[in-house]
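There are structures below to look over.
Look at the two complexes coming up: chain A is in both, with chain B in one and chain C in the other.
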Partner chain A sequence: MRYKGAAAALVLAAGMFLLPRAGLGVRMLNSLAIANIFAVYALSFDVFSGTTLYLNLGHTFIIGIGAYTTALLWRMKGVKPYIGIPIAGLAAMAVGILVFLPSLRLRGAYFAIASLMYPIALYRISTVSPFSMILGGEGGIPVPHPLQSYLAELPAAEARRAFYTTSYYMSLLLLLASAAAAYKIAYSSFGVVLRGIGQDEELVEASGVNTLRYKLLAFMASSYIAGVAGALHVHILMAASPEILALDTTLIPILSIVVLGGLGTVIGPLGASYITILAYEYLWGVMGELRSIAFSLLLIALIVFKPEGLIYTLYAKARGALGR
Partner chain B sequence: MEEILRVEGLSKSFGGIEAVKDVSFSVYRGEVLGLIGPNGSGKTTLVNLVTGLIKPDSGKVVYKGEDITGLKPHVIANKGIARTFQQTKHFPYLPTIANVLVPSMSPRGRRDGSPLEKALESLVFTGLLAEADVPAGRLTHYQLKLLELARVMALSPELVFLDEVFGGLSPSEIEKVMELLEYLNKGRGMTLVVIEHKLRYLMRMADRVVVLSYGRKIFEGKPEEAVKHKEVIEAYLGRGVFT
Partner chain C sequence: MIPVPTLFLYTILYGFVYSIFAVGFALIFGVAKVANVAHGAFYTIAAYLYYVLWLKAGLSPVAAAVACLPPTALTGVLVGELTIRPVLKAPVSVFVTTLAASAVIEEVVRILFSTNPLPVPTIRGSYSFLGVYVPKAGILVVALGLAAVALLTLLLDKTMLGLFIRATAESWDEVRIIGGDPLRVFRVSMALSALYAGIAAVLLSPLEMAITPYGGSLQLLKAFAIVILGGLGSIAGSIAASFIFSFIEQAVSFLFMANYAYIAPLILVVIMLVIRPRGLFGEEA
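The block that comes next holds the complex of A and B.
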């Protein structure tokens, strides 16, 4: 049964690798690359918040630290993206711990509220002087595509498609690595303790387990993945701008994905990411700014009517139908 | 007799209520100590104070010669003090086996064998093996009480506080739980502090009893003497607990 699951995952991954060959347009490829990145955001959120139920509404802060780290490294020191991106993950993890450690002792709603303040503060900071001078203000910091030098050598006709194809592949690789890591964490005995914390933290403590240590480790894993994804995201967009910190452009899609997919299920958010991001992109053309309102409403409806996650429910049903 | 735990002048009040007031007593290794007293007399509060869930206003808790007052619950658990909860606690969305895996993943639980083996063993002893895959939220009240004991076993403690483990159980269920407790005490060498309203059952198990009333210790000694003690009788008067 275990091998069947692994085999299914492999087939799925292979399918995703072949997608760009299916004659998709560059616009679609771009959307899929963004969907991959958002799937990583959602997975990294899920690893910590989906298991412990410490809702980290400040996840975009962590993402933003990753994004601005690689951008600043490039701008100030000319550090190449392939070095900047992993460093961004470490920076997101370090800053995340520093900033979140005090609030990791808070329970429930207090943690969620405290965490929401960080991205809001960083957003402000990034847009007012003197910091906007360094962080590029609303427009952000221009950064190169990770494969800039390779793309520059291609003939102009091929370069455009190669830009989107390589973006897609890089985001896909990151997604597969993150999904494997997230799955390992959430479905191990380590994950059992994390879920225990989400259901009765006092009982975990009384069972002789140091909950702060587990929360911290899960938070570090979550932050590292989110930081790396944030960094790759800005290199694909070719600019690190405050949009990546914002509620409507980043947090609402992430929450929608996780809730649609099923909190703490890993597999759910993975599937939900494509549906959500493609719909989100599509709705931009239809209703513009209103899309974030539409999604907020959807989010509320899902929480009320399907708290266990629509996608995960479907997945569990399908598995049941196939006799696992 | 080797002393395993000693509380010295322990006090705790909530607002104006003195839940535990200047309580001192010792627990000796290997014994079964009954901790009794009417509703609201401070029994649960005392357990919470010893296991670190709440901090005392004054007084000391000494475990195996070490002052453990005010340490964190997980630190105290790892020193070898386990407890069950009066309002049974469990992780409702985790399978029964995972509920037991949490204590067996603790540093103390890991000392003797792999966490999974330990967890399985605890389920076998408590008769919950058949429910291993069932989410704990679907267990019956009786099974949840057994789960509390399975969790205790998975921690391999030396001293266990059992806060009304018989609560809400039928006579035949109580007999089974008592058998298990006897095994923990005699077979595994665990020292037990048993909190129970129904003295009928407690008298059968306890070597000694400590009686609380309004947060104070009013008696310490042999169970058969407790029921003859004037203050104890008064504390319980009209409550029908001797039947």
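The block that comes next holds the complex of A and C.
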């Protein structure tokens, strides 16, 4: 059983590696790269929120910290992306702990409300002076592609395709590494404790487990992965802009992926991300600006009409924490 | 040098607007034990309706203010019916559905009116009071704000509806036992809650002299800080916290720069969470 799963994962990974060879256009490759990144966002969200059932709506804040860290390092010190991206992960983790440690003592709605404040505030802060002078305002900070120097040497005709192919491969590598890490966390004895916290935190505490320690570790893992993904995302987009913090362009797609894929399943968000992001990208051609409205409505419908689905089971448990 | 009387005037002024907005959020948290993230969208809807009715349709400012409130309250009921009631038993799903509802409303406003701020005229003129420059629009906000807060307090404390709302906040089952309909109470509360978000928009827009599609989410951010400070679901706590929050925000603006005030709510909440996670008036979390 175990080996069957591993074999299936390997075949899937190999297939994903061969995808760019299947004669896909650059636009499709670009969409797939974005889908990989969003799968990592969803996975990292799932590692903490999916297991402990603490709804971290501040996930885009963590992603944003990673994004702006590598962008600022590049702009101020000329730090190359391959050094900037891992540092961005560490920065996201450090800032995440600093900001969320106080709220990790909160339960249910209190935690979700407190966490949602940070991305909204950072979005505003990044667009007003004096902060916008440093953070680049609405337009953001221009950053290079991670393989800029390699791409610059290619002839112009090849460079365009190589840009998207390398973006796809880098995002795929990150996705596979994150999926392995997330799977390891969620399905280890560590993950059992996290799920226990999601089921009945008081019970876990009563059995002598320091739940704060477990929550913190899961949160750190989640933040590191999210920070790295945020950093790679802006290097692929070639700009770190406030859009990465916005609720409609980042948080709603992540939540849709997680809801569609199944909370706490880790593997679910992977497929869901491809469906969601490809739909999101291609809806632009069909309905333009209306796509994010269509998306939000779809998200509502999913949760309302599939209450036995994913988010419901999770939150029926969280209800206990609210004392209903 | 801080101009102390001006600081206090603006503290009171914004304190009233924030209380009016925050009590609506606290009311729904009290009645249904869910956080309605679409509360900011009610503010945005009212602000734009007010703008259209007043400056495009040519109604008088007072008539436009009165006319924009019923549709806002109706939106509140609709959002409640479509995105809160079906998932009422899963309080955290409500976060996702109301967040999506709020994104829909914000996006519609953005498509119709673009993201640029739209100018709103203010009431010109000012009084000189104990050597302080007091704008007329400010006096109006304080007077109407006081009236709105007082009315809601009276409604909750002295009327049958208020009794039912308080009872529903205690226990839905017990309300059913005494023959009440908690769902109806919830619907009325949604209308009241959106109505108060609308009143906040009508009072604040002329004072800020502009409206933007993000106005509501900015108010919501402040309201989050306020309800965490005051204790979730506590009306009295929200009102008290609104004035504390307003004071800190004004003090930061006067001492440093207006834009630094965006950071104030975060710092305030982090400090509060460290020293007293349940808020000033909240029950054990």
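Methods note: the second predicted complex is superposed on the first by the 304 of 324 C-alpha atoms of A that agree within 3 Å, B and C clash if a C-alpha of one lies under 4 Å from a C-alpha of the other, contacts with A are read in each partner's own complex, and residues count from 1 in each chain.
One rule holds in what follows: a contact is a pair of C-beta atoms (placed from the backbone, for glycine too) under 8 Å apart; a residue touches a chain by one contact, two chains touch by 3 or more.
Everything numeric in this text was worked out from a predicted model, so none of it was measured.
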*Looking at the overlay, does A:206 come into contact with chain B only (first), chain C only (second), both, or neither?*
first
*Could you let me know whether more residues of chain A are touched by chain B or by chain C?*
C
*Once the shared chain is lined up, is A:195 touching chain B (first), chain C (second), both, or neither of them?*
first
*asked:* Looking at A:105 after the superposition, I want to know if it touches chain B, chain C, both of them or none. Which is it: first, second, both, neither?
replied: second
*Touching partner for A:131 - first (chain B), second (chain C), both, neither*: second
*asked:* Tell me the contact category for A:114 with respect to chain B and chain C: first, second, both or neither.
replied: second
*Where on chain A do chain B and chain C both make contact?*
none
*Enumerate the contact residues on chain A facing chain B in the complex.*
189, 192-193, 195-196, 199-200, 202-211
_Residues of chain C that touch chain A when the two form their complex_ = 29, 33-35, 37, 82-83, 86-87, 89-93, 95-97, 99-104, 106-108, 111, 214, 217-218, 220-221, 224-225, 227-228, 232, 257, 259, 262-263, 265-266, 269-270, 273-274, 277, 285
*Quick one: which bits of chain B touch chain A in the complex? Just the residue numbers, please.*
51, 53, 72-74, 77-78, 83, 85, 89-94, 98-99, 101-103, 105-109, 115-116, 151, 154-155
_For the complex, give me every residue of chain A touching chain C._
53, 55, 57, 99, 102-103, 105-110, 112-114, 116-118, 120-121, 124-125, 128-131, 247-248, 251-252, 255, 259, 289-290, 292-293, 296-297, 299-300, 303-304, 307, 311-312, 314-316, 318-319, 322, 324
